[in-house]
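When the chains are written out, they are named A, B, C and D in that same order, and each has its own residue count from 1.
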Amino acid sequence: MTADDAADWWGTAVSRIEPNRIELRGIPVQELIGSIGFGSMIWLMLRGERPTDRQAALLEAALVAGVDHGPHAPSIAVARMAITCGVGLNNAMASAVNTLGDSHGGAGQECVMLLTEILDRDGGDLAVAADEVIAAWRARGVRYLPGFGHRFHTHDPRRDPLLALVDAAVADGVVPGGHLRAARAVETALNRGRSRPVPMNIDGATAVIYAELGFPAPLARGLFVLSRSVGILAHAWEESQQGRRNKGPIPPAIRPTFLS
Amino acid sequence: MTADDAADWWGTAVSRIEPNRIELRGIPVQELIGSIGFGSMIWLMLRGERPTDRQAALLEAALVAGVDHGPHAPSIAVARMAITCGVGLNNAMASAVNTLGDSHGGAGQECVMLLTEILDRDGGDLAVAADEVIAAWRARGVRYLPGFGHRFHTHDPRRDPLLALVDAAVADGVVPGGHLRAARAVETALNRGRSRPVPMNIDGATAVIYAELGFPAPLARGLFVLSRSVGILAHAWEESQQGRRNKGPIPPAIRPTFLS
Amino acid sequence: MTADDAADWWGTAVSRIEPNRIELRGIPVQELIGSIGFGSMIWLMLRGERPTDRQAALLEAALVAGVDHGPHAPSIAVARMAITCGVGLNNAMASAVNTLGDSHGGAGQECVMLLTEILDRDGGDLAVAADEVIAAWRARGVRYLPGFGHRFHTHDPRRDPLLALVDAAVADGVVPGGHLRAARAVETALNRGRSRPVPMNIDGATAVIYAELGFPAPLARGLFVLSRSVGILAHAWEESQQGRRNKGPIPPAIRPTFLS
Amino acid sequence: MTADDAADWWGTAVSRIEPNRIELRGIPVQELIGSIGFGSMIWLMLRGERPTDRQAALLEAALVAGVDHGPHAPSIAVARMAITCGVGLNNAMASAVNTLGDSHGGAGQECVMLLTEILDRDGGDLAVAADEVIAAWRARGVRYLPGFGHRFHTHDPRRDPLLALVDAAVADGVVPGGHLRAARAVETALNRGRSRPVPMNIDGATAVIYAELGFPAPLARGLFVLSRSVGILAHAWEESQQGRRNKGPIPPAIRPTFLS
């Protein structure tokens, strides 16, 4: 009775634990260990079923692409500073993952919403739908469309290989292709009449993949957290081996007095 | 000059970012996307070189095994409660990952240290070395040896398949096998004269894998964070779809007044 | 030159540190130690000037009121679970503070916005303005107006003493009183024709105080974090003295098998 | 019965919540609101009883002293970077508070332990006890004694006013004075024969206060978290008003290419 109450309150379809038995998404864990890759396991845990090999490969390509963007990214800088303060790797990773918010890690999530909105509005001419949705987002005060443009990459090196994989997946019927077409329609609309184009960035290219694979928008952020956690760990670990204590942002040689 | 100072302060061998160029561990990112799996990418980022397929498969088996242990684990319960409080998935994941401390996620790290200490002391008879190291840890006040025993699994279903993979890897020369032997020596020592054995648990079995693959002890914790983040995300996402707000630990029906 | 760049990037009016000199909001720290209370210091740091004694007392009353609401609140439960996982008090507090999001700690912030919107719309009849703004929020899909109603307190015991302090402050000209009137107008509107009233809750009452004192809406959340951090620390510390490891949400006696 | 189980599992002496009733440390909240200062409330919540006015004033002096040390401190830098990433103030504060670990916020905790160890060993000559304990800590590999010395303040401006308050409290019988004497004995021992002294720093001076007031060592860290949270909030809030997005550590003008 009361165990039933607790079971209901904490009930889950993700995992089931009993003495000497662990089921993940209904599958005994011993059937998974050694027979499923880590990327496929991520898919299984989030969606309740195993992906095909092609689906898993496309997901892993997106996860690989987002692991790191150097120590200027707040997520990486925070990880490196935190680990010098005498906390565990898990704590440094938490402080860093925590910064993957609306502006940093949430662009992929919003880009999925943008592309889905375009597809939903598409009445036969995707370019028109893209124009209308872009105009609507701009009217709401959105200055930078999520997933497009980059602070200093004029052409993000991750865009082309990711899109090429989606093209191949569309050609082979692995994914439907709508979000890819919507993303390209946005690119075309943004670049019309501009000498310096506003190309799709990593958030856009991975959003296309996550959406094509059927992940709901918020999971684009969740998957980015899994991906970037790898770079966060690599940087925190490297920094921990260098022996600094309480590392601040500015090196001593050029540190202004007031930051001393 | 000053850019040099900043470059030195934030210098890293993990990644190098330039306009339109991203190198991860010295490899242009476009050469990695689509050609390296996520597990191998984790290895590359942490160690600077690619694993063999067999090494990557062994690493992924350990990562798969640790993703989840149900909502009674604090890491999972925290994630599910946090996401009902109106924060992003990244924030809920951060609160949860943050709890993977010395008692929860750190057992693997300590188990690597235990096994390495046994190997370092081994003068020809591993059983003797195990006995001596166990006695030394006990003398220091350690009550539960990290990586051995479980609150309610008498036989953790993840142990056997993981050790079978290590056995095969040793047989094929993929890993040396010392930490595996040390772990079994601890098991034997702990079970001597006991009717209810104290078997290796998941922290122990994954510690064996991480150590056999050459990861330093603190990375056993870091890798567990990557692994458990998958379950954390799956649970936070599931909970977010159920519409509860500010979920507390005890269901209303059996909630004592003072917790109301 | 370059130190100037760094000074600009990290420039702040909050504090200025030089060798053997620390200024907080322009005041040498030695002039503050022993001569300013903690509540006044919070005000000084956030606003750049010292409060009057009456302003400080009103702020402290709000900070006192929000420190704790028992272990069923996710912020408190998370703190207690986290500290059993082998992390520091600072880490347990971080995991807990992190959950004070839009649904848990953000209601005060939204309530300030609600009240300010009513005042801005007030064309002479505050009751009409309240009705219109409530209707507009409802039309936007807001189901629970932030700052009003409670899950199980029919009359939150913190409401009356807090409002009495604001009444006195209005009477003495310490605060203008507009937000207080707006909050009461909302209460009246919500209770019209209802047998079971929907009274102002703690988020509403403290929002009135913060707004009357001139704090911008987001600081209502920030101040709540400072307040609740006290309860979070008290609970984490108490739990740490009880010796549990990896505390889950459900006690063993009524734990369903799948949560074991 | 089962509610009893839950009551036991989540039982606490800190607070008791019932419909329309909130007790904090056994006192109805309405008796506290408006009649107890925030500093005294912190004491009450942590210790279960109210402080005297003098005790509260001494505690508040220590809390005031630690609020901020400028944006070079990792805790402050992290807060400022995090808030530019599109997260809430509570999240930015969590990432920052999380870094107050053994090297950053934990020095006070260790200093209390150091001073207490000296007092416990004191057999009549405190200078001898200090020498012996310092030698023992050095033999354990401790390079920097917690609470003494500073990276660039040769004389921390917070030391003298804090110690003067303790001196006065000792003179008036408010606190016993042992930890203060032990701290001065350490200073004397460290400075013997040195031209450049190693004076007590803020962690040491506040540790003296917390210990004199009877707080256990881990609460020195917890109290520092409460104190520094004020500066963290002030900086995060200021940064949030400046409109930067995803702020990295190095300003663009002196950012090396690889950090771009």
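Rule of thumb we're sticking to: a contact is a pair of C-beta atoms (placed from the backbone, for glycine too) under 8 Å apart; a residue touches a chain by one contact, two chains touch by 3 or more.
These numbers come from a predicted model, not from an experiment.
Undergrad: Could you tell me which chains are in contact with subunit B and with subunit D alike?
TA: Both-contact set = A, C.
Undergrad: Count the C-beta contact pairs for A-C and for B-C, then tell me which is higher.
TA: Here the pair linked by more C-beta pairs in contact is B-C.
Undergrad: Examine where the copies subunit A and subunit B touch and state whether the two sides share over half of their residue numbers (same) or under half (different).
TA: The interface is built from the same residue numbers on each side, given that over half of them are used by both copies.
Undergrad: Select the chain at the greatest separation from subunit B, using centres from the mean of Cα atoms.
TA: Chain C.
Undergrad: Between subunit B and subunit C, what's the gap in Å when you average each chain's C-alpha atoms?
TA: Their C-alpha centroids are separated by 37 Å.
Undergrad: Taking the mean of the C-alpha atoms as each chain's centre, how many Å separate subunit A from subunit B?
TA: 22
Undergrad: Could you grab the centroid distance between subunit A and subunit C? Build each centroid from C-alpha atoms only and quote it in angstrom.
TA: Here subunit A and subunit C have centroids separated by 32 Å.
Undergrad: Residues of subunit D touching 2+ other chains?
TA: 2, 6, 10, 16-17, 19, 70-72, 77, 87-88, 90-91, 94-95, 98-102, 105-106, 152, 249-250, 254-255, 258-260
Undergrad: In graph terms, with chains as vertices and touches as edges, which category applies: line, ring, star, complete, or other?
TA: Topology of touching chains reads as complete, every chain touching all others.
Undergrad: Going by the contact rule at the top, pick out the subunit D residues touching subunit C in the complex.
TA: 2, 5-6, 8-10, 12-17, 19-22, 24, 28-30, 32-34, 36-39, 41-42, 45-46, 57, 60-61, 63-65, 67-72, 77, 80, 88-91, 93-95, 97-102, 105-106, 152-158, 160-162, 164-165, 218-219, 221-222, 225-226, 229-231, 233-238, 240, 250-251, 253-254
Undergrad: Can you name the residues of subunit A that touch subunit D in the complex?
TA: Those in contact with subunit D are residues 2, 70-75, 77-78, 81-82, 84-87, 91, 94-96, 98-106, 152, 245-250, 254-255, 258-260.
Undergrad: Sort out for me which residues of subunit C touch subunit A in the complex.
TA: Touching subunit A from subunit C are residues 2-4, 6-7, 10, 16-19, 87-88, 90-91, 94-95, 98, 249-250, 254-260.
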